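The next part holds the structures, each set out as structure tokens.
Two complexes follow with chain A in common, the first pairing it with chain B and the second with chain C.
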Partner chain A sequence: MSIVPIIEFDRVSKIYPSGSGPITALHEVSLRIAAGEFIALIGPSGCGKTTLMRLIGDLEQPSAGTVRVKAKSPDQARRDRDYGIVFQSPVLYAWRTICKNVELPLELMGYPRQQRHERAMSLLRLVGLGDFSQAYPHQLSGGMQQRAAIARALSFAPSILLMDEPFGALDEITRERLQLELLSIWAESDPRPTVIFVTHSIPEAVFLADRVVVLSPRPGRVQRIIEVNLPRPRAFETREDPRFFTLLTEVRECLRAMEG
Partner chain B sequence: MTIPQPLDQPGRRADWWRAIWPAVLTFTLGIGLWEGVVGFFALPLYLLPAPSQILLTFLAQPGYLLSIGAVTFGNAFAGCVLGCGLGVLTAIICVRWPIIAEGLVPLAVAASAVPIIALSPLMSLWLGSISPASKIAVVAVMTFFPTLVSVYKGLISPRADALQLMHSYAAAQRAIFLKLRVPAALPFFFNALRVCTTLSMIGAVVAEFFGGPQNALGVYIKSQAGVLRTREAWSAILVACLYGLAFYVVVVLIERVVMPWNKHR
Partner chain C sequence: MGYDASRADPGTAWPVGTALRRVLPVASVILVLLGLWEGSKLLFDFSDQRLPHLAALVEAMFTPTQGGTGPLLLVQMLVNAWATFRIALGGFLLGTLLGFGLAGLFLRVSVLERGLMPYVIGSQTVPILAIAPMVIVGFGRLGAAPWAAKVLVSTYLSFFPVTIGMLRGLRAVSPQSLDLMRSYAASSTQTFWKLRLPSALPFLFTSLKIAASASVIGAIVAELSAGPREGLGVMILDAAQSYNSRPPALYLAILAAGLVGVTFYSLVALAEHLVVGTRRAE
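The block that comes next holds the complex of A and B.
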């Protein structure tokens, strides 16, 4: 890559202590991600893909090596509010209406009331929840809750979006719809955030990403990086494109090769 | 899709009635059974008066009974505010300094299971049997431990991801406390408070059994029962129930206003 990377891993290892000796979750991972890229992290469970994401987001510290985000430490990037995070569960606060949940980061960052309300409402409309702004989280379905979580992550226009299997708990139909919505929101954002999307679904990774980073099982290493040269904007038909199937096969075989 | 329901929709009254009629029926049947048993076996008045007789006794001097009830309720209320307040404060300290929690919370859990009411005679000894201080102290000690345990549990109830979300926004400790821990602890606090309303009325009445001014429910019940004026004792018990219920209902109403998100659950 010719451009300066926004996220840079330099021989990063992560070792967890455990009762039966230390477990190496990641071993000497080096990786460069460009600004505005959509990266999917995929690999078998326990390969450290979530750990990799969490190292970027300063939710965990590397045991060795360095992670740089916008030429800063992840800790500094977090303090500069560079991250919007979407977890596997929506993590909406039960006592706040959907609108107030989306406003939460803006509230913490000291935006004036009027401005944060307008911002939250426009994001809720963007994710199709305009009519549900005054509902409480438990009144919405799982898919709607996750949409609200995405709106919340985008509310303060962070430059990096960290998504940890955000659609993992949803049914297939909702999941495919949300994938499309996510792509269109991402494409419309200016500037486009860099997205790190952790998934264990091969079609999801290929459909969404510019590059699919395949991680090997324990200890996690970057096994291969597969460029997804499917045209954007991607649509429902993309999933029927022969190139889509070729890429699926490529990722699948890469994952299978590691098992043997 | 679940659409949030408007608060005042037709049929809400019917729902409400459907929810309470089994309890109303049971209550009516219970009172009827009591009335019937007393009449059928012609139980002597000093043993068990019928509900109707208790009600008549109450109606003979409602002003007096309610006024002595107010004295006892005052002690219960003061003790409850003191005990719950200190419980909340201690829970906050426990969350701020976990080392204190490690020492204190297991003890508080144990103390919640102990009949603290047994302290009543000692409190009378230490703080004076006539003064309200000994009654308030009993109630305060009774309500302190369950509040501490509940509120502490509530304050530490937010899951890891809810806290990490705050972390990712670089939220200050103060903001994490006020915008995450406190609201998460509210349901726990109100659960404790509801239990404490009942506990505090029990505590205040029983504490008065060990001495107190003449114009207090516990003293009245004990002295009337002592001379076999059972109807009078029962009418005072009725007043204790009324105050206890009213206290409980007020807490439930406050809870509904403070936690609107819980309404539809």
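The block that comes next holds the complex of A and C.
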């Protein structure tokens, strides 16, 4: 890649101390991600996907090697509010309405009341929760809560979106609808945020991403990077494209080969 | 706050039904207690000296005090209950403030927690009956108003549950909600006000309810010790001394103390309902 990467991993290792000796979660991972790219991160359970994401977001520090984000340290990037994070669970605050939850980052960043309310409402409408802005989290279904969490991550238009299996707990139908919603939000944003999307699902990875990064079992290393040359915008028909199936097979075989 | 509360509790659609459902258990418990009272008197043949009739209690309430020249006993009871309530309220508020302060301090400086917590816990193992006279006499010598010393004794009992509950609450935050705050580069002050404090509220109210009862006990014990002759503590003491001639007075004094405690508790519960009301655990 000739373009300057927005995220760059240079032989990054992460070792967790634990009762039964140190656990190497990631081993010498090198990776470059360009601005505006949609990256899917896939690999067997426990291979270090969450760890990799947390290293980018400065929620975890590397044991060796360096992570650079926009040519800064992840710590600086975090202070500059470059990250919107969506965790596997929605992590909404139970005492705030959905609207107030979406406003939270804007509140912390000192946006005026009127502006943050308008912004939150327009995002809630975008994710189809316009009618639920005054509801409390417990009054929403899991899928709706996760959409609220996405709206919250988008609220301050961060340049990097870190999403850790955001649709992991959802049924197939909701999941496919949210994938489309996410892609259209991403495509309509200007500039497009860079997305790191962790998933266990091969079709999800291929459907969403520009590139699928396959991690090896623990200790995680970058096994392969598969370019997804499916045209955008992607739609329901994309899943019936013969190239889609070819790519599925490619990712699946890569994952299978590592087991053997 | 209440978004579509009827969905959460189908009972709210029937205001009369809910009122009945609230009142009925309380009323039946009272009836059972009254029945037990009179029943045990009948069954074990307690003399009026050991357990007076309920009717005698009611009669005593409407008997003038001081050999017929003073106000009704009921009026005296209410006046004293009010005096105790004020002391307890002072102790409760001061104890809550102290508890907040200590919990906040311990949260920020964990060295202080390790250093001071043993004393905080130790303070509660010393019998309040032993401490109260020392505080009252000591403060009297310093020239402080007697009520101030009583409030301090009450505070001594109420700050403890608040400290423990608040600290527990402030720490009962999921790592992920902290990660979320971190990802927004929130300051620790922002994290405190927008995350730790609101998620501590359910814990806080539980300990405030305990503190409410504790502060009433503290106030009564303080009144027993010394100071001006007012409050339920003094009433209990007097009634105990004159028990042989007038048994109902002691029962009524105890009843009044219980009522002050219940009233205080209910006020805190009401505040809890208003503040935490509609929210649920995550």
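The rule is short, and it goes like this: the second predicted complex is superposed on the first by the 260 of 260 C-alpha atoms of A that agree within 3 Å, B and C clash if a C-alpha of one lies under 4 Å from a C-alpha of the other, contacts with A are read in each partner's own complex, and residues count from 1 in each chain.
Throughout what follows, contacts are C-beta pairs under 8 Å (C-beta built on N, C-alpha and C of every residue); 3 or more make two chains touch, one makes a residue touch a chain.
Keep in mind the model is a prediction, meaning the values are calculated, not measured.
Model built by superposing both complexes on chain A: chain B and chain C clash.
Of the two partner chains placed around the shared chain by superposition, neither chain B nor chain C is touched by A:Leu180. Shared-chain residue A:Met258: touches no atom of chain B or chain C. Legend: residue contacts after superposition of the two complexes on their common chain; A:Ile15 is shown touching neither chain B nor chain C.
In the superposed model, A:Ser141 lies in contact with chain B only, and not with chain C. Common to the chain B-facing and chain C-facing surfaces of chain A are residues 57-59, 78-79, 81, 83-85, 87, 89, 91, 93-95, 97, 104-105, 107-109, 134-136, 138-139.
Of all residues in chain A, those touching chain B in their complex are 57-59, 78-79, 81, 83-85, 87, 89, 91, 93-97, 104-105, 107-109, 132, 134-136, 138-141, 144. Looking at the complex, you find that chain C touches chain A at residues 3-4, 7-8, 174, 176-177, 179-186, 190, 194-195, 198-199, 201, 276, 278-282.
Contact residues on chain B toward chain A in their complex (touch as defined above): 1-4, 159, 161-162, 164-171, 175, 179-180, 183-184, 186, 259, 261, 264-265.
Interface of chain A with chain C (complex): residues 57-59, 78-81, 83-85, 87, 89, 91-95, 97, 104-105, 107-109, 134-139.
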